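Common to both upcoming complexes is chain A, partnered first by chain B, then by chain C.
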Partner chain A sequence: MATTQRVRVTSGLGERAMGRIFLAPSFAFMALIALFPVFYAIVISLYDIRGFSQEFIGADNYVRVITDSGFLDAVWNTLVFTVASVSLEFLIGMAFALIMHQVFIGRGLTRAVILIPWVIPTAVAAQVWRYMFDRNPGFVNSVLGTDINWLRDPTWAMVGIISADVWKTAPFVALLLLAGLQTIPKDYYEAAKVDGANALQRFWTITLPLLRPAIVVALLFRTVDALRMFDFAYVFTGYSNSLATLSVYAQRYLVRDPDLGYANALSTVTFVIVMVVGLLFISRMGRHMVGDVARKEK
Partner chain B sequence: MAAETVRSGRPVRRPRRRIHPAVVGALKLLGLAVVLLWCLFPFLWMGMTSLRSGSAAITEPNILQGPFDLSNYREVFDQGFQFALRNSLVVASVTTLICVPVAALAGYALARLPLAGKFALLAATLVATLFPPVALVNPMYQMYLRLNEWTGINLLNSYAGMIIPYVALTLPLAIFILATFFAGIPREIEESAKVDGATPFQAFLRVVAPLAAPGVGAAAILTFVYATNEFLLAFSFAPNDLNVQTVPVFVGTFQRVGYENPIGQVMAASVLVSIPLILFALLLQRRIVAGLTSGAVKG
Partner chain C sequence: MPVLSRPKGYAVRACAAGLAALGLTLATACGQPPGEETSGEGGEPAGIADDPQFVWAVTGADRAIHEEVARLWNENNPDKQVEVFFLAPTADEQRQAMFQDLQNQAGEFDVLGLDVIWTGEFAEFGYVESLEDLRGEVEGVSLEGSLDSAQWQQELYALPYSSNGAFLYYRTDLVEEPPSTWDELYETGMAAAEEEGISAYVGQGDQYEGFVVNYLELFWSADGQLFDDAQEQSTFLEGDAATTALDFMTEAYDSGFYADGFDSMVEDDARALFQAGEAVYMRNWPYAVPLLAGEGDEESAVADEFAVAPMPTFGGEGTTSALGGLNNAVSTLSENKELAREFVAWAATDPGAQDILAQHSLPPTMLSAYENAEDPNFEMLGEILSQAHARPPVPGYNSLSLAIQDNLHPAFRGQGEAGPALEAVDQAADDALEQE
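On to the complex of A and B.
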């Protein structure tokens, strides 16, 4: 190190200056395009805006948010969707990852195919699933032998978007968990076998604890994505309150019922909810991920 | 097996019933078949439905019942689906071309260069990946209107109106992936370039950047997929002008266009956009997996 310090020439760009210059475009852009609108939204949310008239009304829009039954429905819908879809995706994704980890013939093929649901745009997947559930021609009803109006009945419509989301993202979760499984040394399992641990004990005492970082990352990605979900709910039932998530409800006041002050209050509240949940996750595992870069750097 | 005989000193365990290896193998293959079927069956339904024409497609759930022809595909092209494909390609490519080089600079700075508060910056980047796009919809719409009033530049119903927020939303993940990749390149390689007289910038451009090509590829793919997938902002800022409307908006809002049940046409459009994306996923499989799992499994 001492020799390279001496050799480091002062001509050209110094490392400190280069660091700042390299960082500036990204952080300036993110601050201008992502952070500034958030503050701007807070300012607009203090006004009542209809057409060309603007009136300062303070926190009235926020009072309206927390007493708006449509908003409370949206919070409930988002919560149900998130809890149900993330837990199902985790269970099915874990099962898929364990299967793929066990099998050798055709693993490459499966690993490629498992990306297909992930790469299809969500709005397209939503249309396909919507028509599979639709009463005409009634594909899902004919498979299950039921006669349910999936798109009109609020409970069954929720089941519909949860199924569609689980279909699309359980393979993604499987992929993340499979990558984690492949980092666990085989010796641990051999040693546990010698000690007489059965398959379930091995899973519980070796696989789960060592898979923890991959599990937390998968849950973080999925939970945050589920909380901000727009595509499935909108494509399945439009702006109908029975299925509207937080994103659908906030977007609705932009175009269908233009009320910009209120729309921005809804945006702000949604922003806070998603960020708080995400930060709870990150504060539990973020040090791991950030530390990884910092550690390698030494 | 050898292990079982070693445990002589311990209490004797009931010998475990061994399932025949062929049965185990068959069960594993069955499991694999379930995974494959799970991923692919909606595409079978989508493809068959797109080929069915006439009233049978709307009343008869059996996808094997015809008549079959390509009329749905013709109608989708008559409605301008080719423009939506072009628009998505343009928006996603430009987003990727802007995002990845800018993110590569920041990723390198965060992984390698001396910076004050680096840990805080990395943490901020990670937190920024959580950003919910819906928080941009309403304020940006208002900002675009204001910009139009003041300068005459109209970003609503334009490519730029979508690309600008897409770049901002994809930067954090791209920076994070690239920082992880840069951090994995041995430091000695740069040091030796500097010993040979390269400035820090030359060392980055000539020596380190080419080595980070896999990371750049992974970040580019994830950015591209994000931009082809995005629906909320595209639908809010460019809802129905075919000159700029992207595929998710074209397909996602289709049922509101015609009077008839357009099931066959929606499926034809879905097939047309799925084929290139599926090829994309299969060809770039390794890079995608590397990008998705970077940072997720280490640590």
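On to the complex of A and C.
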């Protein structure tokens, strides 16, 4: 006690202040890397840029965003995709996690197999899925015995994109949930068994509540990711308006039909949407939980 | 006071393009588009000059051919050597790379190999020099369609270099005479397909530039014109060509004349089906000929049973093909404009250079290259190209192309009304002229 006091006096600065000073350089660096581009994108989104000419047009790009039916389609497509894929990934991921959590012979192998889809680069997986859905040679159709235009019928294409994404990312959700499951002490289950609780009751009253932090983190990660989804939509249907997601739509004006100001306005709006959804999640689970669980997942 | 004022702001502008990309990266952090993965390392100098004076940026597709052309120039002009900078093989990425070079004021490229549809855009953006004073060198020497594609508002901004046109591939064992009208094509195709249990027709029906080309070929062959002669307004809906073309596609799609999966088919999908003997007719570029013939180690079920013909028209007269290829332009940022202009003119008019293209079955743009052709297919190609249409190189061509894809692709698949879809394209065509 006495020692610390003496140190404080001689240094002239509190521990907290010292901490801040030491953190300042890395914070400044982070700000430069992370915040500067965001603000700069916002600045550019206020200009009309065509070739070497650029003109300040204020919020015109944003007015255009709001009235652009292509953008509204993209918002709708993204929402449909996000809600459907995240719910399915959560349900399937939960099932995977419960299976992987059991002690049985071949558990290691099962875990490895379940995780394979997640390890494959998304762009590669998307190409493979596209090929399987394609009418020629028609793998999916012949397996299902159907005659569906998976790539160009808007409804079925969305089903295809969602299935591919669920296949790809359910293992990731499973991994997060499995880590959560492993933190629940066995004693609780034993005590519940002694009290006569059946498997469903144990799951409902012990597993779910104690798994809540992991569930929230998994849903946060997946929702934010799904809102930015690019690969599957782009590979399956290109810039097609009927299936473009927010990211595909922004890419269209960045590369295919270049209009830098508008592309940046679209990116900014996408960023805001993702940010708002992310903040909603975070505000619901509190700071402690994020840090705590996120560390365990690493 | 604009933050990005012109004279000093080039570093700022340099960030602009990069940051737009970064902004998008933030939005798509977990996945890069498949094309973008290579854009970083895709471009590279070929290293063929020991004392390069200027740089030619050109597609990485057909690399060996462009390299040989550049070597020929270097041999003849040891004091004015050119270095070739190979861009990515896909059109979008090439354009993006050139945009970045120009927008960031980097100015590393002196000569730009432009796709035939980019002329208006690059000209309006102030990216390329006017080459109007070189018109005399190429007029009557190069293909007319290629010249059309190299000018915007009657001013020449690039000179022709390479070209491309469509063949109708047909099965000689199933079709006696290649058809001269679309109706004939439709009927013979359906009959033969039914008999053989294969598909009648494969082509480029996916929602991309290839679809636009396939549609426009129908449109032009029904005597349609996208713009009036002065390129001041859209004439898309004048006459009934737009409807005729769309009706044909809708009918062909509904009745199964188009093969299953036509609506997601690109060049090589079509080629693979035809090569496996699964189709009676195919619309494709000349690149498929050696593959179908089974040259090299290529396996082909139709090696001795196919031939090529010009594409049909609705009236039975002549043929119509969209014109592909590259034109060379001079960058406004070039520090060696004189040299660059000299090279561009040479690539367009030197028989040796153009002959290199011909030898590698990349269609040249010089008329004389087709005159003494020994290969009958090559002679036919010359004939096709002389009648080919340039897609209008208006500044907003990309928006127009996307509008055709967005509206007509669902329409031919039977989703939504044809009328409003065609009107939307007409509107987009008008807008494409005005994009500043």
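Going forward, the second predicted complex is superposed on the first by the 255 of 298 C-alpha atoms of A that agree within 3 Å, B and C clash if a C-alpha of one lies under 4 Å from a C-alpha of the other, contacts with A are read in each partner's own complex, and residues count from 1 in each chain.
Note that in this section a residue touches a chain if its C-beta (ideal position, glycine included) is under 8 Å from a C-beta of that chain, and two chains touch if they have at least 3 such contacts.
A quick note: this is a predicted structure, and the numbers were derived from the prediction, not measured.
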### Task
Go through the superposed model and pick first if A:Y47 touches only chain B, second if only chain C, both, or neither.
second
### chain B versus chain C as contact partner of A:V38, first or second or both or neither
both
### Task
Counting touched residues of chain A, say whether chain B or chain C comes out ahead.
B
### Message
According to the stated criteria, A:V128 is in contact with first (chain B), second (chain C), both, or neither; which is it?
### Response
first
### Query
Between chain B (first) and chain C (second), which, if any, makes contact with A:T67: first, second, both or neither?
neither
#### Entry: First, second, both or neither for A:T270, with chain B first and chain C second
both
### Message
Contact-wise, after the overlay, does A:D257 reach chain B, chain C, both or neither (first, second, both, neither)?
### Response
second
### Query
Hey, what residues of chain A end up touching chain B and chain C alike?
37-38, 40-41, 44, 122-123, 126-127, 134, 136, 138, 228, 230-231, 234-235, 246-247, 250-251, 254-255, 260, 263-264, 267-268, 270-271, 274
### In the complex with chain C, residue positions of chain A that touch it
37-38, 40-41, 43-44, 47, 49-56, 70, 122-123, 126-127, 134-136, 138, 149, 151-152, 154, 225, 228-231, 234-235, 237-242, 246-247, 250-252, 254-258, 260, 263-264, 267-268, 270-271, 274
#### Entry: Interfacial residue positions of chain A with respect to chain B in the complex
3-4, 7-9, 11-16, 18-20, 22-23, 25-27, 29-30, 32-34, 37-38, 40-41, 44, 96, 99-100, 102-103, 105-107, 109-129, 131-132, 134, 136-139, 141-142, 167, 170-172, 174-176, 179-180, 182-183, 190, 193-194, 196, 198, 213-214, 217-218, 224, 227-228, 230-231, 234-235, 246-247, 250-251, 253-255, 260, 263-264, 266-268, 270-271, 274-275, 278-279, 282, 286, 288-294, 296-297
### Task
Can you check the complex and tell me which residues of chain C touch chain A?
2-4, 6, 13, 15-17, 19-24, 26-34, 37, 92, 96, 99, 102-103, 124-127, 206-208, 259-261, 263-265, 269, 272-273, 398-399, 402, 405-406, 409-410, 413, 415, 435-436
### Query
Which bits of chain B are touching chain A when the two form their complex?
3, 6-7, 10, 13, 16, 28-29, 31-32, 34-36, 38-40, 42-43, 45-46, 49, 57-63, 102-103, 105-106, 108-115, 118-119, 121-123, 126-128, 130-143, 164-165, 167-169, 171-172, 175-176, 179-180, 183-184, 191, 194-195, 197, 199-202, 204, 225, 228-229, 231-232, 235-236, 239, 247-249, 251-252, 254-255, 261, 263, 266-267, 269-270, 273-274, 277-278, 280-282, 285, 288-289, 292-293, 295-299
